[in-house]
Structure formats: structure tokens, C-alpha cells
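Two complexes follow with chain A in common, the first pairing it with chain B and the second with chain C.
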Partner chain A sequence: MDNDLHLTQHISKRFNEELEDARNQVMQMGGLVEQQVRNGLKALLEADTELANKVVDLDEQVNQLEIDIDENCTQILARRQPAASDLRLMISIIKTITDLERIGDEAVKLGRNALKLSDDGKNSRQYVELRHLGEHVITILNQALTAYARMDVEDALKIIQSDRLIDEEFDNISRLLITKMMEDPREIKKALRISWCARALERVGDHAKNICEYIVYLVKGKDVRHTSIEEMRRQIQD
Partner chain B sequence: MSDLSFTENLTSSDITIEGTVGKVVAEDAKMSMRNVNVFYADKQAIKNVSLDLARNQVTALIGPSGCGKSTFLRCLNRMNDTIPICRVEGELLLEEQDIYAKNLDPVLLRARVGMVFQKPNPFPKSIYDNVAYGPKIHGLATNKAELDEIVISSLQKAGLFNEVKDRLDSPGTGLSGGQQQRLCIARTIAVSPEVILMDEPASALDPIATAVIEELIDELKEKYTIAIVTHSMQQAARVSQTTAYFHMGQLVEMGKTEQIFTNPVHTLTENYITGRFG
Partner chain C sequence: MDNDLHLTQHISKRFNEELEDARNQVMQMGGLVEQQVRNGLKALLEADTELANKVVDLDEQVNQLEIDIDENCTQILARRQPAASDLRLMISIIKTITDLERIGDEAVKLGRNALKLSDDGKNSRQYVELRHLGEHVITILNQALTAYARMDVEDALKIIQSDRLIDEEFDNISRLLITKMMEDPREIKKALRISWCARALERVGDHAKNICEYIVYLVKGKDVRHTSIEEMRRQIQD
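Then we have the complex of A and B:
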């Protein structure tokens, strides 16, 4: 089977539309949470409380989309009893939106911490590492959503592979923060907040990686979760 | 790919069949068919099909109308012998025995390889006589008590006994559709077959009667080897362990049911089970 899943070639036109709609809704939700993370990071780095509030408020819309998409998928499963690639599409959508919703939750954490830091009269401007990590994570999330839209397994694998770099960056930030806390205990409260933000960004990377694993499942029918990158490549080539 | 080589290719739209993908050879085969070709006069209905029926398993044959799945099923107990213009070529073995051997009596073969049809077709006789008919003509019972036992145990295995035990003398045609079909299954079981062929056994039944038949199929596979032709993909997915997809007389793909319905290899299989244009 090629990468194109021929979503629009069913004998039932209505079924084509239902699958297209479900997939488009996932894209829409992906776009929203990407924006949420982007704004969350910006609010944090620029101590923008207005933007931080927006990030927190947007979560309601993301949650509602998750509920709507789940309902649509339930209807499709009940009425159409999809099989093969259609079934895999349903499963991958249901799983993907769970990860997207959690990415939204992580973005909210960024927003809330931005507000708390601002309340304490502090900001995170001096943390260049946090900016690096955040931008890296946003790039990966964006790539994962693009790979999902294109159903591109090769890109998905590259993204899965690059998650390791995010983990390394997160470890670096943690070390840096520990040093700062040891140097000046008055910084502990702020450093902890920054650490939670770094942790939230790192989790966004994990969720993006999960989405890439669902892409592999959707296109290739192989469940590559909890395997090494070499094992993934081997399975895909089988 | 199977280890059997196929030379004939067939093109439908822009998708080509090259032999059969998947595993057609069973480790413990009850029946083995190799390079089977079937002709109705000049028209070829089955093209070089090879597959095994695994012992004590349910094998589902699926495919669009006219793909040859019923024709193939009917070869397995020589039901096609009744059609004068039909010619069957190839090797068809039941436990290593050639079922098309000249010295083999098709009537005895059909006792070993029983068949259940789409429409329940009980004889216009009592429920008891419907089931007793086969054992009587094959001389399987020496006295009335033995015959009674065969009838009762067959009705029990078919899951019908409790519903009809008080009216075994009533006509079989008076039962509901689902009950009639189970009566036909009891009639098939009564002659102790080794293989049961089912040609859309539940397509004329409502969902409840269908569920009862499917549950029965699941129980029957403990004792018998079963091949079922069905138009209902969900039914094939529910009852079978192996699925074979036929298309225009060829076996396109065969494999474990769990794989065929989640990740089929051939595009034609994918198109059929997902309802796409083939």
C-alpha cells in the first residue's frame, strides 16, 4: 500500500466526507494547540500577561474539539464499521487527539507559570536555554502535524529520532537551574517555575513523538510504540 | 508472498494481481487444493487457485459477486458434478486423498464434506426425519435407539434440541428461518462429517439468528474443519481464523483474519473490505 490512503475513493460519498471531516478537525485542533504552545512560550519569555491569559482561555476550545472529534469517530465506528486503513485512521485520530489535548494542557501550564512569574515581579528573559528548548519543541510539533497531514512516514521517523535532542536540552536546563538554585537560594522559587515550564515543553515533544508513531501505524499498519528507532525502521521495511 | 508460483496475471482497473499474496499453505491442512481451475463450458470461473483449509479452523472465503468463491467452495465436495458443463482441473485433496479420483463415490465424499446452503432447505418431513435421513441412508445406525441418539446429539450440537425436543414429529418447515438453518446444520452433522462447507449460511437470517449461527460455528470448529463463504465482511471477521479474498476467479490474498481486516497487503483486498472503488 502506498502512502496515499485514498480517503475519497469509497463507494459511499457520505463516508468519504465523514472521514475527510474527521481528519480536517484533527488538523484544526493541531493548529490550535500549536498556536497555544507558541503563545505560551512567547508569554513566558516576554512576560506578556495578556497573551498568557489567552493561552489559558483557548484551552476550552481545544477541549471541546476533542469531545467533538471523539463523538464523530464514535458515530463512524458505529455506523460504518470501518476496516483496514479506514479503521487505522479512526484509531490514529482517537489517539492523536488525546495527545493534542495534553499538548494543550502543557501550553496552559506555560501560560499559568508566566502569570505566576509576573505576579512575583519576575520573568524568564535571561533563560536563553528555555527559548532554545521551546523553539525546538515548536518546530518538532509543527513538523509532526505536517507529517500527519501528508501521512509521511519518513518524516515521522526523523521526528521520533530528534526527540532525543529535546530530552538532552531539558537535562541541560535542569542542570543549569540546579546550579542557579545552589548559588542563590532566593532564586529557588523562580527556578522551580522555570523548571516546570521546561518540563512542560519536554512533554510537548513526547506527545509530538507519539503522534508520529500513530502516523507510522496509520500508513504502515505497524505498531512501533515502545521500540527503538532501528526496530521501527526494520518493521517498516518488512 | 506464498511459495507457490503463479504465472497468470489479471488486470482490473489499474491494479494487477500477481499470484496470491499471503500464506496459502496451512501447517496442519485438512484439505489441500493446488492449481485449481474451473470452467463452465469455455468460460473460466476459477483461475489457478491454491489454498489449504487448516484443520479445526474456520476459513472464510470473501469477494464480490461472481468472483468464484461459491464455485470454489462447491468443488470441495464435488457439488459442481451436478452441472454438466462444469469442468474442474487441479489437485484437490482431503487428508492426502484425491477427492476427484475416479473410484471415489461422490455421495460418500459428501458425507465426509457436508454442506449448508444460503437458504435453509429442510426436507418436507418431520424434524426428526430431517436429521435421521442421512444416518439412515449411510447405515450409521443399526437400531432405533442408536438413531435416536444420533438425532438428539446432532440437534444438541446444532444448538436446537432444547427448542424442538417436544415437537420432533412436527414438520421441519414449520420452524423459524434461524431454526431451520440450525436444523440443516444438525442434518449435516448427523452423518459425522470431517469438513463443513457453508455457503452464506446466515444471509437470510435476522441479526439474532445470525449471532446464534455464528456462535455455533465457533463451537463446531472444535470438531470440524469449516469453510464459509460470506458476503458479510463483519461475519468473516467475527467467525474465521483465516480469510481468503477472491477477485474475478483468482485468489488475491490469503492470511490470518486479524491481519486481513486491519492491514491487508493487496490493494484489491483493501479496496473491497473498505468499500472503495476497485
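Then we have the complex of A and C:
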């Protein structure tokens, strides 16, 4: 854990446990949506409708987790009235789970599109364009969740920086799909669906980046959103 | 103001003012992003590049407002340790401004696409498909912000219900654009751009719906996210 973060050692052992439980709940939700994105991509690439349905069905559980964690944080805020880093932890959790829930929504989109693409027939195993982007995004998400677990600011900053690469990959896919559509207008519908999936993946990357910004906020007490990387590094060194 | 919400009358007049200021900041940010969406749509429909640039440039101000309000709420939480409805107000503000900031991001997308479409030449005044969706979304956003100002749960529930209509309009536009692309593949690039704009507008509607859900949470103390309208009405009557 990063040296700058001293989650206050509380006289109440119970309070320590509550904070640790809240953090664990976030990690659990993170693991769940990461698996959901992973399965959504797999369902798409392998035209696996059973897996696609599983991804869609998991949405309810993810949504319920968000509500439970929110409720838990509100209760801690009300009963414990935390200050300083404990308060920042609560706020960062409330923000993080919003992004996790939306990552779940994007995974559901992958699942739904996998079902529709398999309805349209045949085309399994041919979305090479998506595989690379998808695997990249899942790696970023996994790294973001690990950085969250370890409160690792340095890793968080690296991840924020690498989000640009995902945007570039997304642009490349879009260009490729436009060319495909122009060459064969019968492919338009399918290409559009793939482009929706690429957009969903790109948004997962955005949410992972948001989570990393909350890590910096939590550990350093600085709000680095909407700041350039150079400016972020300067700010947290102050 | 809804009868169910009793923002506690505090002995400290200063505390009352702080809460009221925080609410006003949210309203100010809301007004700003509503104007941004309005201008983004106008820039698009009228191929007004000057206005489009204005929309893009406003992003910085919206982002800064989000950071300022967040900071302000954190300080109130730390210093005043609010409970009950005051605590819910703080949490609902922290959540609402995230959605407002993302509405601003969607408006910027409208502005950027307006610039690109005008680069591609001529086509001004022909995106009738977008006009209707855009005006509908702006109405919903305006109603959501009014419901927020008045803490009007009944209006909030109506708005949540009407989001479905926006999704339908979006689907219609998508179908129309696919037909256009198939008929004339030279139009693919332009049609795709219009479809990105439609998607941005649809997402503004989603965020307006989120804000309405926070209104219900704030006033009724119930988390109604991911709940059907019937279930919501049942829950808040308990």
C-alpha cells in the first residue's frame, strides 16, 4: 500500500473492519464486472449465445451490489462521521462503484450484440478487429482494479496515460469498418454492430481511467480529473 | 418543495447557507450544461462552426465546476458531519454532478461532430432526424433540472418513465440511417457521424434519468435505481 495513505487506525476495531469490508465489497464488484466484460468479449468472438445470455443476466447482481455498497457507505458516513482519509475513502468508493456499474452496462451491450450477431447468422470467429481492442481494454481494467486494491498511485498514473492508446485503437477500428461498409454495403448492418461493440469496449477503458483518478484522489487527496499527466505528476509532488 | 423532504433547520445559520449554496452550485452547473447541449444541437443543425467551437471550449469551465462542487461537498461532510436528509443531499449532489459533467462531454461530442461535418462540406440544415430527438432530449433535461430545483418526486418519476420514448426515437434514427447508407454508400461516413450524434443525445437522456433517480433518493431516502416504475411507486409509498 502506498506510503501516503494512512487509513486512520481507529480505537474502534469495528470501524476498521467496516472500512475494510467496504473496500472488499468494491473489489468483489470489480472482479464481477471484469469477468462480465471478459465473457462479453468471448461470447462475441466465439458466437457463444449461452455465455452471452449469462453476461446479460449478471446485470441484476451487479446493480444490486452497487445499491448495497452505496447503502453501506451512507450508513458508515452517518454513524461514524469519518474525516480526512476515511472520508476520502467513502467518497472514492461511492464514485468508483458508479463506474463499475457502467462497465457492467457496457458488458451487457457486448452480450446483447453477441446475441444479435449470432441471430444474423454464421459470422463467428471473424471479429479480429475487436479481439485486440477487447484484450487491451480488459488488461487495463484488470490493472486498474489491482492498482485500486494496492492503492498504487504510480500504476494508476501509468494507466491513465495509456488510455490514449485505446482511443487510437478505437479510431483505427472505426476507419476500417467504414472502408468495409463502403466496399460491401450488404455488410453495413453487421459492421455497425461491431462498431457499437468497439465503442462499448472503449468506454470500459474510460471508466477504468476514472477509477484510476479516484485512486490518486484517495491516496494523495488531490483531484486530478481533467488534468494532463504532466500536471498530475507535478500536483501530487507538491 | 416536496413535503417529505425536511432539510433540517440548523441552529447554525451558516450551515443552512452552505447547504443552499451547494444546491445552487448544482443548479448553476445544470444550467450551463443544458445550454451546452442546446448550443451543440444548434451548431449541428445550422452548421455554425463558431457556436460549435464555443461548445467545445466551455468544457473546461464545466469540468472545473465539478471539481469545485466536489471539493465543497467534501469540506461540508468533513466539517459539519451531516446526518439524515443533509447527508443524502451531499451524496446526491456528488452523484448528480458526475452526470452533469458527462452531459457536458456529450455536448462537446455534438460540437466536435458539427465541426467535422462542416469540414466535410455543404450539408447544413439537413439533419432533420436529429432535430426531433435533440429537442426531446433537451426538454427532458430541462424538466429534470426543474424537478431537481423543486425536489419534485412526482415529476422525477414521470421523467424516468419517458426515457423509454427517447430510446425508441434513437432506434428509429438508427434504422433510418442504415437504410440511407445502404441506398448510397457514399453517405456512409456522414451517416455514421450523425449516428454518433444521435447516440450522444440519447446518453444525455440517460443522464437526465439518473438525476431524477437521485431526486427520488434524496427526497424519499429510497434507492430506486434499476427498478421498474411500478416497483418505484410501490416503494416510495411504503
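Odds and ends about this structure:
One rule holds for everything that comes next: the second predicted complex is superposed on the first by the 227 of 238 C-alpha atoms of A that agree within 3 Å, B and C clash if a C-alpha of one lies under 4 Å from a C-alpha of the other, contacts with A are read in each partner's own complex, and residues count from 1 in each chain.
Here, contacts are C-beta pairs under 8 Å (C-beta built on N, C-alpha and C of every residue); 3 or more make two chains touch, one makes a residue touch a chain.
Bear in mind that the values here come from a model prediction, so they are computed numbers and not experimental data.
Between chain B and chain C, it is C that contacts the larger number of residues in chain A.
Once chain A of one complex is fitted onto chain A of the other, the partner contacts of A:207 are absent, as it touches neither chain B nor chain C.
By the touch criterion defined above, A:192 reaches chain C but does not reach chain B. Once the two complexes are overlaid on the shared chain, A:109 sits clear of chain B and of chain C alike. Of the two partner chains, chain C is the only one that A:66 touches; chain B does not reach it.
Touch criterion met: A:226 reaches chain C, while chain B stays clear of it. In the superposition on chain A, A:85 makes contact with chain B only, while chain C stays out of contact range. Residue contacts after overlaying the shared chain place A:181 against chain C, while chain B stays out of touching range.
81, 83-84, 87-88 are the residues of chain A that lie in the contact sets of both chain B and chain C, per the superposition on chain A.
Contact residues of chain B toward chain A in the complex are 233-234, 237, 261-265, 267, 269-271, 273-277.
Considering their complex, residues 1, 6, 9-12, 15, 81-88, 221-222 of chain A touch chain B.
Of all residues in chain C, only 60, 63-64, 66-67, 70-71, 74, 77-78, 81, 83-84, 87-88, 91, 94-95, 98, 174, 178, 181-182, 185-186, 188-189, 192, 195, 199, 223, 225-226 touch chain A in the complex they form.
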